[in-house]
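Common to both upcoming complexes is chain A, partnered first by chain B, then by chain C.
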Partner chain A sequence: MGLKEKAKDILLNRPDPKKISRGALVTMLQTFLQPARCFGTRSEKRFSLAAYRHGSKFFKGGRSVFTSLFTPVEIIYAFELLPFPLEPLGALAASFGISTQLLQETEKRWLSSDFCSFHRAFLGACTLGLLPRPLFLMATSHACDGTMKSFSHVAHLVSKPLFFIDVPYGDQREAVEYAAVQVQESVSEIESITGRKLREDLLAKSFGYSNKMTALLSKMQDARKASPPVVYGSETLNLLMVWAMFAGSRVGVRILESYNNEIEARLKRGFQGVAAGKRVLWLHLRPYFSGSIMSMLEEEFRAVIVAEEVNTPVEEYLDVSNPWESIARKLLSRIWSGSIENRLKNIGRIIESHGIDGVVHFSHWGCRQSNGAVRMIRDTVAGYGIPFIELDGDCVDPRNYSEGQYRTRIEAFFEIMERR
Partner chain B sequence: MYTAGIDIGSVSTEMVILENAGPCRRFIIQTGISSRTAAERLFSLLDEDGGVERSDITRTVTTGYGRNAAGVGDRSVTELSCHARGAWAVDHAVRTVIDIGGQDSKVISVSPDGRSRDFIMNDKCAAGTGRFLEIIAKTLELEVAELGALALQADRGVKISSMCAVFAESEVVSLRAEGHPREKIIRGIADSIASRISGMVHRVGLEPPVMLTGGVAKNSGVVLALRETLGVDILVPPDPEFIGALGAAHIAAEEALKS
Partner chain C sequence: MKEKLIFTAYQKEIERTSSKKIGLLCPYTVEELIDAAGFTPVRLIPHEPNMRYADAYLPGTLCSYLRYVVDLSIAGELKGFRGLVINHSCDGARRTLDIFNTYMPDISTFFVDTPKKIDPYAVSYFKKELEKLKVYLQEISGVEITDLALAASIARYNENRRLLQEMYDMRANNPGAMNAQELLRVLDLNSTGPKQTTNKMLSDLLSARGPEKNGKRVFVSGNIFDTLPLLEYIEGCGGAVVGDDFCFGGRYFPVAVAENEAPLDALARRYLSRVPCGRMINFSERIDYIIEAAQKTMSAGVIYTSLKFCDNFLVDFPLFRERLDRLDIPSLFLESEYFSLRSGQVRTRVEAFLERL
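This part shows the complex of A and B:
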């Protein structure tokens, strides 16, 4: 039995978190980050090593907190706890080839297959008892409407409290106050659970790292405006995980610094490793299981993703003198919060700044909040006179994947781009 | 100069040979299990037919589901581009193409110079495709070719609620058992296909003239249902199943001239 098979066996047949070995974790992460064609270098290594250490601490029973994708994990770091985002588990499981089993686990328990497979995957992992119990859970209502339901269910499974921040619509004064109060209340709850007061110096440190990360991401996205591209977007799409896991930590800063340095160095020396024909903007997430469409698009058709919507920097900086309000402002200024206009404006901005030739929206099955906007996105993109394609599929569940169908769509989209 | 276009679909494979971009020869066969064998058989048919030999062909473009697997030709181009080009070759005014093939259906917006500028393909299921009609024909113990004329005999159709090819089959069996005439059932099937395609047409943007291509265009019931649902005239070329191959042959001719 190879290492990968052994790891799968442990994960699925003997799901005891204590038995999740170093090898299993390393193999899982390696599979997730492959193919690491461009960043098989320092930044890639730094990211995978950091993720490994993080996972290792978590499985060894570190004081962890289950978080959602946009939980302000800076608070978790300020309490010297370990945030463990649940949604990326689906991506990890898909790339490792075990997502089907996790999803089946939830299907056995009557969970609707219409529900987002990212959520179903972590529900499956929790049902199997794959994950060590956290101290508590902390989640936000954006970007996914299903978070309240799935996190409540996980809270029930692990018998731990859930602190939920309901992110309101709009960014007016009342909305900021409404979110800020919830953040503050969550902090009080965490203080009573952990039995320690939040230390201002640690919060300042965490905010400092987070702000630095924001600046680094902005810098990196600016650098990627350059032509020709020096990195594949299918790899930078993984950076969403860096935010979910490391926002507010020194490790997060180091990872983004590493990526930035690498991009800068490549631009300086005229890196030719990315063969680019057309420049693509990728909207929403990507399929994570093997044999997916990303290499077809980027390597075969040389339509390189030069910007991803999910890596849009949030230009709100955290302020320790007004911590709860600044966190609230940051939550509200994400493109997924509030009116769809925010998302459309951002798409327009990227098309203009990155010299985009075509836009792809991957409509992940079950993701109502993203797919519901496709018509408006299509019209926005059409306003710029460039082609748009919506690819329907699932990021986590490989069971409905048909390569031939995707190939025809991507190739036809490429043919339209090519003739322009 | 001879150029060839080969459209390797899931059900049938067509070849069109052009001589100086004008019509010359054409062949159609069942695809079978191998795209490569299907393409080779067409070349054998061409050789047997006499007049034009494989070696005379300057450039070949393949398209359709088996375009890459066939391993023949100088280049493969998607059926979206080829149907746009083929329909445009028949009528330069065409702005929207509806292609209902064996396993999928597509709506293509065509630019004034015969290029695909936008498209929508059906979901990954057989609803509203040629395969769907085959299943229904078999259930009603008819040939696919008989469906069109029978549909026209009904003044209105029975409502078919299932879009899934498999469920529609059992629904048709139930409707027959309830005593509904098969003409009305077939008309109902045509209406359900038109309703599904209509949504796709409006997503791309309905811009007349609209041309229906692919084998299903020979089904006059579907043509009528589409005409009524969309409220516009539906152009049907003389040999709708050859439009993809025709487009591929024209693209080959264009490329051969450029090179």
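This part shows the complex of A and C:
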């Protein structure tokens, strides 16, 4: 039995709590340290190692908080706690090749297989008791209904409180106030559970790092407008996880600085690594298991994903003199909140600014909010006179993956782009 | 049969007394405001099982009820409606609103953001949303919604809630008082007609007691789809449906609006603190409610149903099942598209379940 198999065995077949941390660490180590594409660049290496260290602290019993993708983790860092975002666990499990077992575990327990597999994967991990218990959970209601449902269930499974921010629909004054008061209430709850007051200096520090990260991401996305392109999309599609894990930390700043430095260096010296193929905008998430369509797209078809909507910078800066309202404004500025107009405008902006030749929407099976918008996205993209393709699949569950079908559709998509 | 005559008479009476219609989709819609503006709030109920147009707008992995609503609209069946009030019930509702606003600009829509929480901040925010709804309704009706009119409307709706409660109690005591088909007919009429008229209908029905009937007592939990085939299968196998928590059925009427408070405050509080839908943060109270109702009605088992792709209900089932198992209450789980419950497979599963009881 190989190292990875052993780890899987410990994690899934014989989930002995004493061995779980070790098993998970072994798996993480093996995955992160394999001489794969993830170590292709210095910035990716920095990100991978930071994620590994973060995971190590978590599994070694650090004072952790289960967070959702858009939780304002700056607050968690200001309390000197460790945010552990649960959604990326599904991606990680898929890349380890263990997502199927986690999903099957939830199916055995009557959870519908139509529910988002990102959420099901971490529900499976928590049901099996694979994760150390956090101090509490903190989640926001975006991007989907599934977040509240799955985090409530995890809170039940680990018997810990959930602090939940119900992000309102619009961005009018009353919506900002409602979001802000919930942030403030959550902080009071955290003070009560940790027995310590939030220190303004730590909050200022955390906000400072977060704002720096926002500026760095904007700079990086600007640089990606360059032609020929200097970065592969597969290098940057995971940056969403940097935000979920590190927003408001020095580590987060260093990771984004590293990406920016690398891009600047490539711009200066010229970069031959990325072929000057078609420029693609990638919408929504991607499959995370091996043998997925990303390599087909970028390596075989020589297209370059020059922008991803998930990495759209939120140009709202956090202000320590008005902390709760500034966090509220940032929460409300996410393209996933409110009307589809926000998302469509963002797509239009990227098409114009990044010289996009074609747009791909990956329709993750359980995602109602994103897939429900595909018709409107398709029509918006058509308005710019460029091709659009919707790829149906699952980001985490490899059981129905069929490479042949994707190949046929991607080939057709490229033919249309070539003919233009 | 007397009930059939009542339904026919009241169907005509509803058509005669209905004013301009405002469509609604979800029981979180504050109907009292619509009523006080002189409109008739009408729940949109699909009757055509063939999906004609909606597939071009919304994916098959989205709630089929919402897809049917889009279908109705594209088919021109909402032409008699003055507007549509859509609540922030779920992700699907949010996207349905986007579809209406993008492709059907002729239909006037109003979106009510509906908090998932029930604390004082949520109530205050929801009240502000209701103030905006009030302004919208006044604009399109040209009628001022006075506190007096709103208080009268609240009283009418509270009376409706009381009558529905009485009807459910009657059926729990004697399931023969009203069969499944009649129950669903009443719920359909009640959610599509003016309450002045449907209150009279409910009063008449309460005085028309049916024959005594017994059978294996079953509680059915569910959301918003055509459950008639299921209820008929249960009755056909000798079972008796003694309670439900359908969106516009058993979960619609509990909790009255306080009549001694400022109307908008009272409405905001009531709608957020009603028996919760799976969309609310306190969704586990729905599980408590179902278990309590099942025990109160002496149900031998619970059938939990849900629309396919409804995350808010589907995800609750594991917790629900865990609770029922602990209490040794048998349960059956069925998920279905809006019109798909009529099938041999469902019938067989219901038969097997009833045999277990």
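Everything that follows uses one rule, which is that the second predicted complex is superposed on the first by the 397 of 420 C-alpha atoms of A that agree within 3 Å, B and C clash if a C-alpha of one lies under 4 Å from a C-alpha of the other, contacts with A are read in each partner's own complex, and residues count from 1 in each chain.
FYI, contacts are C-beta pairs under 8 Å (C-beta built on N, C-alpha and C of every residue); 3 or more make two chains touch, one makes a residue touch a chain.
Just so it is clear, the model here is predicted, and its values are computed rather than measured.
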Superposition on chain A - do chain B and chain C clash or fit: fit
First (chain B), second (chain C), both or neither touched by A:Q182: second
First (chain B), second (chain C), both or neither touched by A:A412: first
Which of chain B and chain C A:S353 touches, first, second, both or neither: neither
First (chain B), second (chain C), both or neither touched by A:N400: first
Superposed arrangement, angle subtended at the Cα centre of chain A by chain B and chain C, nearest 10 degrees: 70
Partner chain(s) touched by A:S227 [first = chain B, second = chain C, both, neither]: neither
In the superposition, chain B vs chain C on chain A residues touched: C
Partner chain(s) touched by A:G146 [first = chain B, second = chain C, both, neither]: second
Which superposed partner A:P387 touches (first chain B, second chain C, both, neither): first
Minimum distance between Cα atoms of chain B and chain C in the superposition (Å): 5
Overlap of chain C and chain B interfaces on chain A (superposed complexes): none
Chain B contact footprint on chain A (complex, rising order): 387-388, 392, 400, 402, 404-405, 407-409, 411-412, 415-416, 419
Chain C-touching residues of chain A, taken from the complex the two chains share: 106, 109-112, 114-116, 141, 144-146, 148-150, 152-153, 156, 164, 166, 168-170, 174-175, 177-178, 181-182, 185, 339-341, 363, 365-366, 368-369, 371-376, 379
For the chain B and chain A complex, residues of the former touching the latter: 65, 68, 77-81, 104, 115-119, 121, 123-124
Of chain C, residues touching chain A in the complex: 56-59, 61-63, 88, 90-92, 94-99, 101-102, 111, 113, 115-117, 121-122, 124-125, 128, 278-279, 281, 283-284, 308-309, 311-312, 314-319, 321, 333, 335
